[in-house]
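What follows is subunit A paired twice: with subunit B in the first complex and subunit C in the second.
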Partner chain A sequence: MSLVELQGIKKFFDDVRAVDGIELEIENGEFLVILGPSGCGKTTLMRMIAGLEKPTAGQIFIGGENVTALPPRKRGVSMVFQSYALYPHMNVFNNIAFPLKAQSREKKYDKRAIRDKVENTARLLEIDMLLDRRPRQLSGGQRQRVAIARAMVTQPAVLLLDEPLSNLDAKLRANARDELKEFQRSSNITAVFVTHDQIEAMGLGDRIVVMSHGKIQQIGTPQLIYDDPANEFVATFLGSPSMNILRSDAFSFGFRPETFLPKTLADNPENSRIFHYYVKRVEYLGSDRLLYGYVHGHDNELTLAKVPSNVRVSLDVDCDYEFAVHNSDIKFFDKRSGQRIEQQNLQGVV
Partner chain B sequence: MASASAALNPHRYLMDDRRFVGVIFLVPALLYILLLVGLPFLLAIAFGFSDVTVGNTELNFIGFDNFVAVWENDIFRQVFGNTVMFTLVSQIFILIFANILAIIFTQEFTGKWFARFIFILPWATPVSLAAIGWLWMFDTKYSPIDYLLLQTGFLGPKGILSNSRNLYWLANPVLSQISVIFVQVWRMTPLATVILMAGLSSIPTDILDQAEVDGSRFMRTLLQVKLPLILPIMVIALLFSMITMFGDMTVVYVLTRGGPVDYTRIIGLYSFQIGIEGGNLAQGAAMALFAFPLLLALALLMLRTASRAEVR
Partner chain C sequence: MALLIWILHNFWSLLVLSFATLVGLRIAYRFRRYGATRAELSHILRRSPFYLVVLIFCFFAAAPFLIMFLHSFKVDGDLYRRPQPFVFRQDPTLEHLESLFTNTAYLDFIRNSVVVGVAVVIITLILALPAAYALARLTGRWGERAGILMFLVYLVPPTLLFIPMFRIVVMLGLKDSPLALIVVYPSFTVPFSMWLLQGFFKAVPPELEEAALVDGYNRVEAFLRVVLPLSLPGIISTIVFTFTLTLHEFIYALVFITNTSRRTLSVGVPTELILGDVYFWQPLLAAALIIAIPVGFAYNLFLDSLVQGFTMGAVKG
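After this line comes the complex of A and B, so read on.
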């Protein structure tokens, strides 16, 4: 049995269907990322796992026990908020000790045990020299560690993280991501991580759950989700710049800008589709050149190509070129539902 | 020509001139402070060091004589003690009730709007009107409180509290003091409650959610998270009601005029009675000024605590 099971979870706020029928199993020791645009219901879903919101319908099991009606303290979960929510009037030691003290009656922690646990956890996160400081005396990265230490100190079954990296500056974020993943792997804790940032999701997740409009769009490894998107939403939500989508009478089809290359560079021209591509504008991004233009026959659908800069092919504005996409890199979608469909014959479409 | 000069001059209209508009906006507040607060305050100081009376308005500087005389006056010492005692005791009750009410009113329940409305009324009622209402409630013969106690057997021939039919609220030394404190608590709790409610709702919901996930129950969250976080705001509420209370004389003036004997006489009232009713302006002013250093120290202390405490 999975560590966490969500069965038919729904949450409506008046008429708004924030979460609309979620089935999800989270395995022990897994790093699961819930990815989606803001307002897709991912935070509400996490708050329901934590016990901060009651589902309108459905059941939540943690460790085989039905916890749907239980308050947060009886669920064995802990949470790190986006704002870190450190208690501003307590020093770091008391912040980390707070959940232990709050649960000391049930779990029979004495003062000594609390001190040991706080110090051990602080050492693990390398904040043991900060125990006397107040939160406002800490940097963003240190605050995040304190928040994680406080969440870890009770050795929860599930660690819930609500966009904990988004308050860090970009440079610190990559570092923090790496440390978080390393920490999760070494402590073997089950982590559920909510984010709208696809790079975070791809980098951290063992599996990614892509959500939109309160529903799961796709669950899978980062690679599966990127290479094999289940529908047009997933295809365009992941990847930067996002997948080109072109429409024909019968269906839509798409390909990623990095797979759309000058024909002369194609590895395998006989298994590729050739497009006539008119280049309108070129952006030089250092490692890549980003081309904006139109595929012949799709004059209203802006199509991007991402060509590595080290490829010495001259690509000029206002010129027509032959570009190729490998057949396996072209994805087809139902025009009405947006669902993936099997390979189609492109003959006559382009 | 005209349009050229208009383009050159950024202040086409008088109201475009920031300095002019600034002065216009500041004048009412400045006038209010200077004429109705500053001037009387300076006059009080001048009077306090002089021998001025209503009959003889000539100002002769006599040094600290008035202050010495006031301090050597046994009645004034009792009045001073009353003022401090009333203020402190009522603040304790105001803080307790305001905290409880603020916590209740920040929860969700049906009829909350109406309950809030009812509880704000004492504060919205003019002090003098409210005091007259309470004067009737504490009436020597027709007090409704006494009537209820009589009906429930607490008063009357075989009463538990007294065998009389009345308690004589405002004539009994202890009961009169209790009555005055009660009315002050009744009328000042709403303001403190509103201030504390603002404080409670300013606590980030993340912090409260975090406390819940951390396993904290109601009392722990209240005592270790909410109250410490609203401490600075509590200090402000306390400061407000202490200063209001210290300077107030309406309630005692209406209820007891300071009696029985001097049991409910406070500085504001005594200073009014000596200075205005008795005509000894100089001594009245000196009395009023006695409270000033104390209030100033209190205000400075509390503002410092408030600014030092961390909200975020």
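After this line comes the complex of A and C, so read on.
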């Protein structure tokens, strides 16, 4: 039995289908990332797990118990908000102790037990020297840790995180990502992490749920989702720069820019597809060269190639080259629905 | 007493002297801090016209209160002989002040006003806090319209309402009792306070409440523990405003209560100290000034958050 189960969850705001039929199981101890562009319903979905929104239809189970009608406080979840939502009128200690004080009515923590728990959690997150400060006296990274400490201190069944890294500057973010993952692994807590940032999703997630237009597009490990996208949306949403998609009369097909290399560099040319590639522009990005150009026969579809800089092949603007993609790196999609389809014959298409 | 008389006699010289001392101390402080240099001197000279203008405007603002203050101590002969508001031509006297407290029910008025004011503030808060919170948060499309509708009640003037209200008061058997005012005043203080509080509640991010909900509290607790402390400045300014609304209300207080010792300040002072066309100026001015000073201080303390409350409602409303 999975820890969290969502069955046929729907949420409509007037006529807008924010979440439109979600089936999802979250396993104990896993780090699940919900990834999607803004407005895809991922935050609404998380708010429904937390109990802050009531689903229009469907049921939510946490630990085997149907919690669909329960208020947030009876669900055993805690949440880190995008803005952290620290209480500005309390110092850090009281912020972290706030959920414990709520529980203390039933579980009878005394003052000492609360103090011990707060201090332990604070030490774990290395904010124990900040306990007397007010939230506005803290930096962005410190606030984020306080928010996580407040969410963790009650040892919830599920920790929900709503884009907690998006308010940090880029330098801190990589560091915070690493610490968050380390922390989740060591405490073995189940985490659901909502983000629109694919790097965060790939780096943190044990599994990724890709969402768009209120529906799940694909669920899988980061590698599966990247290498084996279920449809055109997932294929183009992940990866930077995103997958090249070319259209033929019968179907679409795509390949990632980093698999699109000069023919001389291809591992085994006999298993590769050769394209005639016209280079329009070259961007030198340090570790890579990013080529903008067109594949012969697809003059309206901008195609990118990402060639490592350490490969000493001269690639000049306004020239034609032979580029190759390994057959297994070419993905085929249905032209209408965008779903993945079987390998098609490319003969005569390019 | 003698000291007070002496101070009043030399009022202007003392005022100018204390002002000059303050300016002198300020200049001395700057000299010690920055050195008595040419630059510092020219700085002081450059700034002095600005402060002069400020001083003039301050005088304009304060003049009515100064006149009220000085007149309260004048003997009749000095007051009525060719008006000369700022100087004593005859010895100042305390007799009018004494008569205000001994010959009129001024202390009763103050007590009644405070009792009515405090009771109305409490009733208003009990009704307006949940109403304002509901309007600020738990609304669909109709919330805003309901709020505007309720505010419209405030715009119906008491001059239209006092006759029907009087009948209600008589029916309830509350005529001639401060209870009548306590019952009727919330009819205009509640809509107003609600509108004001709504602005403050809207300024508290909803995420903070949601955090409290997830942290294990219900909505009432989240309101009491998170929203209320964060909008405390707004609540205090609402209290001040409600209190002054009850303090200067005239028509209801005049109509509902005829027994002198049960009247409130706004009615009691003018009816006791204006007899026909005879104005007892000195006690009248003293009575007004004594109550104006604490209220003025309270207003000044919370003026900023008061204005903030109005504009917050306006911008985000």
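To be clear about the criterion, the second predicted complex is superposed on the first by the 350 of 350 C-alpha atoms of A that agree within 3 Å, B and C clash if a C-alpha of one lies under 4 Å from a C-alpha of the other, contacts with A are read in each partner's own complex, and residues count from 1 in each chain.
Everything below uses one rule, namely that a residue touches a chain if its C-beta (ideal position, glycine included) is under 8 Å from a C-beta of that chain, and two chains touch if they have at least 3 such contacts.
Quick caveat: nothing in here was measured; it's all calculated off a predicted structure.
Chemist: Assess the superposed three-chain arrangement around subunit A: do subunit B and subunit C clash, or do they fit?
Modeler: Clash: subunit B and subunit C overlap once superposed on subunit A.
Chemist: Have a look at where A:136 lands relative to subunit B and subunit C in the superposition and call it first, second, both or neither.
Modeler: It touches subunit B, and subunit C stays clear.
Chemist: Please indicate which partner A:150 is in contact with in the superposed arrangement: first for subunit B, second for subunit C, both, or neither.
Modeler: Both subunit B and subunit C are touched by A:150.
Chemist: Looking at the overlay, what does A:183 touch: subunit B (first), subunit C (second), both, or neither?
Modeler: Neither partner.
Chemist: Thinking of the overlay built on chain A, is A:292 touched by subunit B (first), by subunit C (second), by both, or by neither?
Modeler: In the superposed model, A:292 contacts neither subunit B nor subunit C.
Chemist: According to the stated criteria, A:98 is in contact with first (subunit B), second (subunit C), both, or neither; which is it?
Modeler: both
Chemist: Looking at A:61 after the superposition, I want to know if it touches subunit B, subunit C, both of them or none. Which is it: first, second, both, neither?
Modeler: It touches nothing on subunit B or subunit C.
Chemist: Who does A:12 touch here: subunit B (first), subunit C (second), both, or neither?
Modeler: It touches nothing on subunit B or subunit C.
Chemist: Of the residues on subunit A, which ones does subunit B touch that subunit C also touches?
Modeler: Residues 50-52, 71-73, 77-79, 81-83, 85, 87-89, 98-99, 102-103, 150, 154 of subunit A touch both subunit B and subunit C.
Chemist: Enumerate the contact residues on subunit A facing subunit B in the complex.
Modeler: Residue list for subunit A touching subunit B: 47, 50-52, 71-73, 77-79, 81-83, 85, 87-89, 98-99, 101-103, 134, 136, 150, 154.
Chemist: Flag every residue of subunit B that touches subunit A in the complex, lowest number first.
Modeler: Interface residues on subunit B, with respect to subunit A: 204, 206-207, 209-217, 220, 224-225, 228-229, 231, 309-312.
Chemist: Please name which positions on subunit A make contact with subunit C in the complex.
Modeler: 50-52, 71-73, 77-79, 81-83, 85, 87-89, 98-99, 102-103, 150, 154
Chemist: For a test of understanding, state which residues of subunit C touch subunit A in their complex under the given definition.
Modeler: 205, 207-208, 210-218, 221, 225-226, 229-230
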